[in-house]
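Input: structures, listed below.
Across the two complexes that follow, subunit A remains constant while its partner is subunit B and subsequently subunit C.
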Partner chain A sequence: MMTPRSFPLLPALLLSLCLPAAVCAADTSAAWRTRVSALDTENYNNADILEEVRFGKEIAARILGRYKLVDDQKLQRYVNRVGAVVAQQTCRSELTFHFAVIESSEINAYSTPGGYIFVTSAAVKLMRDEAELAGVLAHELAHVCERHIVTELNLRGRDESGVSSLVALIGGASDSAKVAFNQSVEKAIDLVLRDGYKREDEMRADEDALLYVAMSGYDPAGLDSYLLRVSTTKAEVGKTYPRYDTRRQLLQKVAADHGVVSGSGRRDAARFSGATQVLQ
Partner chain B sequence: MKSRVILLLAFLATLAATPRPAAADEYHYVNILVGDRASGMAGAYTAVSDDPSGMFYNPAGIAYASGRNISASVNAYHVTNKTYEKVIAGNGWKRTSSSLLPNYFGVIQPLGKFKVGVSYAVPESSLENQDQIFYDLPSTLPGITVDKYAINYNNSDTNNLFGPSVALEVNDQLAVGATLYVHKRNSHLIFNQYVLLSDARYQWPSQYLETDEWGIRPIVGVMWSPAERLSVGLTAAKTVVLTSKTLSQNTISTDVGGAYNDFVRKESDARREYPYQFKAGAAYFATPKLLLSADVSYFTPEDYTLFGVNYEKDPVINGALGVEYYFSPAWAVRAGLFSDRSNSPAITGREDRMVEQIDLYGGSLTVSRFTRNTSITAGGSFAYGDGQAHVYGGDQANPENNIQDVSASSWTLFLSSSYTY
Partner chain C sequence: MKRTGLIVLAAGCILAAPALAQETYYVQSATTLLLAKPAMNATVLGRAERGTVFREGARQGNWIKVQYNGQDAWVSALTTTTSPPRLLTASDAPPTPDGEHTRLRSRASAQPAIVAGVKGFVYEDRNRASSGERVDFNALEKMEAVTVTPEELQAFIAQGGQ
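This part shows the complex of A and B:
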């Protein structure tokens, strides 16, 4: 029969657990743990862009699996034309942007990495003119341009070098990568459709949207007037968005800082009304 | 059997018929270094642990793992050589052990506020062999010599650990974590000796010992950053054996003193008691290129009895120093020094079983190549030490004659990879 000698484990453990209580209030961050091999995160190469588009397609497919497209070619072509005009002002010339109106009673719009933009029929119904549509599309384009989901999920292209192939051979990483891809897609779906972007990302998207719209020749007040109307409805909106008055104040400040004048630029209410007739 | 064995002990190895639990290396706690990065840094990883290897060293550290999902695997080729000097009539014994195996795999990913992971580790594995024949040896029988003395020794032992880990970053300065390994150990010892005397009489004892263990090995850890770039880690661990089956089988055939054959088989459910292990480490992340780390580990003393034989182990303190340096974002080198001291009490020559006491000291060196989200590492470690052993001899009047000098060396080659996605 084995009979061990006892050892004062409990005092030792308690001592070790009490040590953190003596922490001096150093303002530290684990960022200093990052080694130099992992520091190059700001540059995106072709492989990263291809991966972003691939990822975005997958999310777009999932969205279309949940929501039907509004069955009106005239409306869909119109939204794509407006979106294409605004997209020309963005920094992502390497992407091909796609726009679609989906049937939903929720007033909202969604964007995926790689350039897939969706706006709900309820949101379009609430708009009054083309400038407001451009403002909403510009906001979603800004999420793509700023790579908000790409950064959140650390999406990176696959390295096809010999070193990586050897790594996959040694470590059997290929199957793990597939599992991780699917998990990231699920996480992105939650971000896009349920949890929403971080507050600061939403604010940044509003800033960029105002400038895209102004540079496209639309009235930069379009997004502001749309937000004002949304705030007066009792319809359900995305829960992580900053308060509407906060967003409107930010838009006014950005306009003032950049010398953007409200009321200048076109609204095209008649064209908008004709194109969206199917939803009225 | 014991009364006949006493006659044999004069010129046969101690414990010819006394069972002992086989262990990959029951006298040391650092058998094979584990982990992609940690193995290059001599295992000085308690305060680093911010990658899949952290699940083995300090699970709290995986809270700081960069990247979303990481997997890492290590393959190792491990060789140990031991030489016992002047065991029998000036002749020495040599034992070698080698094993080639994947000795670590781990995957971690975030789950809400937590980081979770699962890992598989083989921190101990050996296949020790001795195959020697000695001729013309003296015996204690008047006018009789030993024409031939053959030893066949085969001792295989592997310890597998597998289980989940979880970590939580409490705040910027503090993280906690835990790993719960399932412990599975299998060992087999076959010790066969054949003695042929000059008058054609013989003795042939053979021993077989098999142990099959299941248990758990919980590891709890804390990672604390008292200042920028400085990390301190603390862990506590213990293997708890839940079920154990040990089979001992001894046979002897001899015609010394008249024909005699015997077969003794014993089984035991007694559970081996493993020591508590406490580790403390510190790491200084000087720059994104340079990392320095140091570890101290303490293993508690233990003693237990199996089949009437007492096994006593002293407390052990080991240390390790590690350094990591990046020449460029694509290349890094890691090196370290470590101690692997013996848990055996001092050898007296009066032991009733084979024992040895060798303090090993060694170093490691690896080189890593990085791409955007992968890395591959190659390198090795080496350890050497000398000490004393009692593997032969039963001179009770002069026990110092039963002590042999022994030297040991071990080396391990690593090839590992990690993947971030």
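This part shows the complex of A and C:
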């Protein structure tokens, strides 16, 4: 039975015990996904990143085994410059991003872990200016920065022994490690070229892309105008892709939420036209 | 008794302090804007370069509140992480698998503040077919050979805006 003397102490005791838990819970719930996706670097050390790049090279080499590089140095240099402008805004400063235009009648773009980004000749032909190209490249950069493939294939972080699962997978010399590595590469190829990312990852990439483009000084309306044109040209979307109207609505919402103003940045249509002449 | 209650409450606040501790953020992008409000169209208060350290004052979606020149400012979470910018070197590479020769080349950066990239794994078996899948490491090397120096990038940006 509580005595009158102990009663005032009890609420104080309970409050002092609950306060830390309440603060932790609030921190956990507030913008958790944003926090984890962009900031979760603690699980990756330098060896992990180098292996990510190596894994990405394997996927990129397979993409290039299927699709030829467009044989025009002026075009390839140009796309790398545009890509570099946008990549400067990302948090993966340790990566050297590489961009390439590949010959394909499919309107598409691809990215691999480690920073290899491809855009098809058909996609570039459909674009009207540099801001649209920047928007597409920004979307692929976002997939790399958010580590969507690494996460999807569960290659992130460390296992209980403290060894990075990525390093263990790729660095292993045993036959079973090589088999596991090849299986992961094949899964990644399927994800990139056939199945697509999860819907929420595609939407996240669009959200990040809009902000990267705006921060790079390009007109953020570029990605929207390109999606509108693609939607009138390419009826099908990938299995997991949101519909084009859904993507455009999301971009408009993100723009409104973040004070991103359309028409406020560069389009550079003339420079784009000159650099992509070989495809016209 | 009142004093005891206050002491216990104070102890609880001390216990809560780690949970309230500010995160430290490092700018990862080449530069990032410091804005007066968490919006891209807010007044620009300044710019911070890669490696700049901020303490988080508050968090609002994709924006982090920091202190800049004695005033509140907002930076994009997309341009920051909680770890310092990384410098990758050849010594970071894990041991290579048996039977596969790799050579690691480091790309020297003209700007010490920019993280040096690690480039160029050279595979002996460049055009091997694996499970019927053709791979082309020669094309990959051509792709990697297209580089943009910091000076070229600045010139490209300066020539834009038409």
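By our rule, the second predicted complex is superposed on the first by the 214 of 280 C-alpha atoms of A that agree within 3 Å, B and C clash if a C-alpha of one lies under 4 Å from a C-alpha of the other, contacts with A are read in each partner's own complex, and residues count from 1 in each chain.
Following the convention adopted for this analysis, a contact is a pair of C-beta atoms (placed from the backbone, for glycine too) under 8 Å apart; a residue touches a chain by one contact, two chains touch by 3 or more.
Note that the coordinates shown come from a computational prediction; the quantities given were computed from them, not determined experimentally.
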Discussion item. By the touch definition at the top of the document, which applies to A:148: first (subunit B), second (subunit C), both, or neither?
Written reply: neither
Item to complete: Pick one for A:247: touches subunit B only (first), subunit C only (second), both, or neither.
Response: neither
Worksheet item: Between subunit B (first) and subunit C (second), which does A:184 come into contact with in this model arrangement: first, second, both, or neither?
Response: first
Item to complete: Check whether A:204 is in contact with subunit B, with subunit C, with both or with neither, and answer first, second, both or neither.
Response: neither
Worksheet item: In the superposed model, does subunit B or subunit C contact more residues of subunit A?
Response: C
Worksheet item: Of the partners subunit B and subunit C, which touch A:94 in the superposed model: first, second, both, neither?
Response: second
Worksheet item: What part of subunit A is shared between its subunit B contacts and its subunit C contacts?
Response: 5, 9, 12-13, 16-17, 19-20, 23-24, 27, 30, 34-35, 38-39, 47, 167, 170-173, 177
Worksheet item: Tell me, which parts of subunit A touch subunit B in their complex?
Response: 1-5, 7, 9, 12-13, 16-17, 19-20, 23-24, 26-30, 32-40, 47, 153-154, 156-159, 161, 163-164, 166-168, 170-173, 176-177, 180-181, 183-184
Worksheet item: What residues on subunit C touch subunit A, complex-wise?
Response: 1-2, 4-6, 8-13, 15-16, 18-20, 25, 28-33, 37-42, 50, 59-62, 76-83, 85-89, 92-99, 107, 114-115, 117-119, 121, 130-131, 133-137, 139-140, 142-144, 146-148, 152-153, 156-157, 159-162
Worksheet entry | Residues of subunit A that touch subunit C when the two form their complex | 5, 8-9, 11-13, 15-20, 23-24, 27, 30-31, 34-35, 38-39, 41-42, 46-47, 49-51, 53-54, 57-58, 60-62, 64-66, 68-69, 73, 76-77, 80-81, 84-85, 88-96, 98-100, 116, 130, 145, 167, 170-173, 177-178, 182, 186, 189, 208, 211-212, 214-215, 217, 257-261, 264, 266, 268-271
Worksheet entry | Residues of subunit B defined as touching subunit A within the complex | 50, 64, 66-69, 71-73, 75, 105, 107, 109, 169, 172-174, 222, 224-229, 231-232, 234, 236, 270-273, 276, 278, 280, 285, 288-289, 291, 300-306, 324, 326, 328-330, 332, 369-376, 415-421
